[in-house]
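Beneath this line is the structure, given in structure tokens, with notes to follow.
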Amino acid sequence: MNHALLIMTLLLAPLLGFLFNGFRFSSKDAYLAGTVATGAAAISFFCSLLLWKDLLALPVESRVIATHFFDWINVGALNVRFGFVVDQISAIMILVVTGVGSLIHLFSVGYMAHDERPTKYFAYLNLFLFNMLILVLGDNLVITFVGWEGVGLCSYLLVGFWFTDSQKASAGMKAFVTNRIGDAGFLIGMFTLFFAFGTLNYADLAAIIPKVPETAWLGTITIATLCLFLGATGKSAQIPLYVWLPDAMAGPTPVSALIHAATMVTAGVYLFVRMSNVLVMAPHTMEVIAWVGASTAFVAATIGVTQWDIKKILAYSTVSQLGYMFLAVGVGAFTAAQFHLMTHAFFKALMFLGSGSVIHAMHEEQDVRHMGGLKKYLPITHITFVCGWLAIIGMPPFAGFFSKDEILFQAFASPYGNKGLWALGVVTAGLTAFYMTRLMCLTFWGKSRFGHDKHPHESPPTMAIPLIILGVFSVIGGWVGIPHVIGGGVGIPNILEGWLEPVTAQLKETEVSGLLEWGLMGFSVAVAAISALIAYSFYILSPETPKSIAAALGGFYDAVCNKYYVDEFYQGWIINPLVEGSKALWLYIDVNFIDKATYLAGDLVSGAASFVKTVQNGKTQSYALYMALGVVVVMTIVLL
Amino acid sequence: MLSIETFLHVGLAHYIFLSGILFSFGMIAVLMRKNVIVMLMGVELMLNAVNLSFIAFSKESGNLNGHIMVFFVMTIAAAEAGVGLALAVAIYKKFHEVNIRFFEHLRG
Amino acid sequence: MWEAIAFYSLAFFLVFFAFKTITVPNPIHAALYLVLTMIGLGAAFFNLGAQFIAGVQMIVYAGAVMVLFVMVLMLFDLKAELRSFSKGLFSGGLKVMSAALLAGLAIGAANSSVAILDTQDAAKPTMDVTRQLGILLYTKYLYAFEALGILLLAVAVGVVAVSRIKGGTHAQH
Amino acid sequence: MGIDSFEFTVNLLKMIVIFMMMVQIVPLLVWVERRGSAFIQNRLGPNRVGPLGLMQLLADAVKFLTKQEFVPGRGYPALFYIAPVVAMIPAALAFGAIPLSMPVNVDAFDWLGQHWGPYVFKFQSYEIGIGIVFVLGVSSLAAFGVLLAGYGSNNKYALFGALRASAQTISYELAMGLAIVGVILLFGSFNFADIVNAQAAPLNFMLAGHKVELGFLPNWGIFFQPLGAVILFAAMFAETNRLPFDLPEAEGELVAGYHTEYAGFKFNMFFIGEYGHMLVASALMVTFYFGGYTLYPFLTPETAPKIMAPIAAMFGWSTTSTAVSLLGALLLHVVLLVKMVIFLWIFIHVRWTLPRFRYDQLMDLGWRKMLPWALFNTIATAVLILVMRHNWGA
């Protein structure tokens, strides 16, 4: 099959699904809408598989399927083609996006069956898929930005999907506005790159930039990549713009799984993996990224420990895991970042869907304090959740182990890494194990704490099947990137590394002894295992201990529990001054000068028009006369 | 220049002149008459004047495209007359007169 | 010679009838003068060798459109109007002037374009003209012809809809 | 081309003669109508003046001519006077365009010391290439006569009659035109002479690229267009404003319709117009569907001179080819007249047999029955012609 046609089908299937459902948005038939939307997603997934197969058939050094449909913008030096490229990076991305996306569409059919506006929901979901595909397939920054904004829009629409609840509507608004700040950075970065290098095409940039000498902090590339990183912090919820993501949990749970865990929030990571050749020319940026990523991972993990809302816990966990990815990007481990992105997509989508299943079973109850002992009510959800849990805390041989271990190893050993980053990463790993175990204990194990009026029940097959598939992938998904020290002995190659090698920037390998690698690995696993055990003992064996610890920590605990008062800080020191300042401008400058100027302009125009408006007297024949006079004038000019 | 021959040898120019006169008459009717139906008649007159020049040109150039145009113009004119008269009937039903000034209500 | 006489008498009648059309105060008389103008134009078409068009002119204009006009006018029972022209001496003058100017310019433009008209073989047998017209209409201009058919259908529906209007925002009752 | 004075004179005379003929047939028709109606209604009819009451016509004419001229007080005299003329003109013009017989060939001869080259005179007032379009165009003007009469009289009944008449004429013109389109498609010509000549042959049609000929039947349009013929004939009734479509002059409702205010000679002219229309209608019916002035296989433009030559010799008339041609043409003209008389009698018979329609029934019939059928006829004819003439791989 023709590649251009294949890519077109890949892109258009969700768009058509969106149009189909969008035009009949008021329908309440969740099954029809869901079938169409899921079908569209499945078609896209199928196309992705075909493209991946074709890509495999190509020789290793030229694994690129590029196509462009038309020249989109052609102004002066700026030539933006509506072009798409499928290479090793985007192939993984589209497989993940459409694969996980299809599963989540399927899950949604069951989850949204009794909603008020299911058709609208599925239309948005399809639109999101379309935009996400645009984002990952675009062969230049502008196309990516189109998708970037598109997914932002869909995120807004879906977070505020239950907009009749003003809190949820404002959560959507918050997500949107926070993203706008990041997008401004993205735009500035894009402009800077174009200003400096005259192109926005990834391939061209990768070809030009390594030849450009870069000067310290104020170099063009550093500034540009920092700006792009600001965009990435917005989209991928890093410090300082992470605040929207926990609030975004107001949306339907499958949306949280798809957009706010598996795909959209990883766009920033994808961007930097895509631009790895550019990024390695700006070591200072990488340093910033690494530290921001590591501290985000740590801070989010600490907050996660104190949360009670099941989705909030998962949200902070997502922020934390995204921090890991940025840590990997920052230390130059692009393969590891992409790897973690993929495995995270599996297990975090799984856990969100699992939490959706739990919430569904508990009749919209989200507080873990009112759960417990769900193991016997929700066997499938429990089993799959356990897979996700083991994956995220990094237990071998689950998916998360390999990717997280790779990141920690690179943080320790890479020329950009250092022991501080590594230490932060390991502590975060411990915290992750702690709060995830805490979540398991409070939700599934122990005694049930909900009232007798609730009768939890296992979800229908449309919801169970995606869980099972994702559960399987949470187990085996990591096996594509088995490190040499483990795989080398038994002859299992690191498939992923080989796969991504031609398209990501390669750093000089630092020689590290296998023993050290084994040691680091063992250490982090041990930390995770111990903190998991501690959590188990706290929440199952002696439930009183956490309270006493919290009491002992006092103010610090409160601070963590309230997310370090970051929202309050933003409110008090950024938003309020802005609002007050704007009010002052409005009341003084606007009213006194600008308004008067516009009134004056209006008065002038209407004054001048009072003479001309006699022409427009409603007499049809006068109009005909003006027409005739106009023709006379034109003909005179033409003839003379 | 203006010899007797110019007048006697009837050619394209004569017909175009005639057509121009008829056209201006039609236009005056559209611009000046108050009765909507007479204005419509003026439009018909204008269209017919144009038809005349089409036919004259067609004869002069020897191809039939002018005839085709006239054919189309006639169809359009018939349609226009139908719509115009229907509007006039609608106006008459409301005001019991068909004066163009009732269209001033359209000024809003 | 005969040609000139035919043309000038025809032209005289045409101009006279057209003038009466636009000046007589009674709209029915105007319509009847217009019928005469139409018939005269049909004769002019015939003179110019466009027999089929002349016949169609008679059928469509004189026979159908004008009958419709006259019928509508009679239904309205309009009497001779006291003020049949819209008022305003200045604008009236302007209107006449602009019409005359436009006509003059159009004549000038057409006349100046006569020179660049490529005259093909002019003489053709009369019967052939109708046949050629038909062939042209159904080959080269087929889409335009079909489009006109659709237009007429739309107009037919529209006319019925418009003439059935009752009341409205400006209805006096 | 050049028309010499002999040709000019003959053509002028021809026009006058044919017009007079049309006008003179009218009194005869009136007599036929009156006697016919009497016959149908089982009474005597005019029988006092002259043999069989034939002189009644003359008496009527005198009455018409001597009646008082009368103009309604608040009417429009100009329109009132012109209306009867306008009513008569279309019929006369249309009748003039229909060929009444085969062309007459006049050989070259010397007369008045001059040489007059051979001529071919058409047996009609004037020959127009696209006669059918001309006849349709002219007869569509007939509505104006009625409208003018109705408006000029300034009489409520007259106006209603006029409006009815014109609405009716417009409505039935559509069906009439479409029915004629079938004929035009069939014979592929707008010319009456072509159509008539095509009918002076054995019945033939194309079937899958082969010509099929049925020698025992003439190639008349009625065999191909029966539906078209019925529609055309019915529409003709409406066009002539005769019963059962004489709503414009329905006595019960409208006194005498548009000629309520007319008397005397002006009324007579309306009469002539109406009967002229009947003549045109019969002539068209005959020309389109019944072989016109020919009667294959007996009397055709080829055989007529051959038949007349011995007859002329028998009676001792001139046997020059000019004279034989003229005699042949007259013979064929008689054929046409006989056929026309049959149709004229049908007109009259229908008038005294069928009751009048109601106005809504009339419109309903015109727009919702005849128009669709005529459309169907046109489309079916076109499709059939295309299918039958197509050479299906043979």
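Per-chain numbering from 1; labels A, B, C and D assigned in written order.
Criterion: contacts are C-beta pairs under 8 Å (C-beta built on N, C-alpha and C of every residue); 3 or more make two chains touch, one makes a residue touch a chain.
Computed from a predicted structure; not experimentally measured.
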Shared interface partners, meaning chains that touch chain A and chain C: B
C-D compared against B-C, more contacting pairs: B-C
Chain C and chain D: spacing of chain centres that average the CA atoms, whole Å: 30
Geometric centre distance via CA averages, chain D-chain B, whole Å: 34
Euclidean distance of C-alpha centroids - chain A vs chain D, Å: 88
Interchain centroid distance [CA atoms averaged], chain B/chain C, Å: 4
Junction residues of chain D, two or more chains touched: none
For chain C, residues that touch 2 or more chains besides their own: 52, 56-57, 64, 68, 86, 95, 98-99, 102, 106
Shared-contact residues (touching 2 or more other chains) in chain B: 27, 31-32, 100, 105
Touching pairs among all chains present in the structure: A-B, A-C, B-C, C-D
Contact footprint of chain A on chain C as seen in their complex: 86, 91, 94-95, 98-99, 101-102, 105-106, 108-109, 112
Residues on chain A engaged by chain C in the complex (per definition of touch): 619, 621-622, 625, 628-629, 631-632, 635-636, 638-639
Of chain D, residues touching chain C in the complex: 79, 128-130, 133-134, 136-138, 140-141, 143-144, 147-148, 150-151, 159, 162-163, 166-167, 169-170, 173, 177, 190-191
Chain B-facing residues of chain C, complex: 1, 3-4, 7, 11, 14-15, 18-19, 21-22, 27, 30-31, 34, 37-38, 41, 44-45, 48-50, 52-53, 56-57, 60-61, 64-65, 68-69, 72-73, 76, 78, 81, 83-86, 92, 95-96, 98-100, 102-104, 106-107, 110-111, 114, 117-122, 124, 129, 132-133, 136-137, 141, 144, 148, 151-152, 155-156, 158-160, 162-163, 165-168, 170-172
Footprint of chain D on chain C - complex, ascending: 28, 32, 35, 39, 42, 51-52, 54-59, 62-64, 67-68, 70-71, 74-75, 126-127, 130
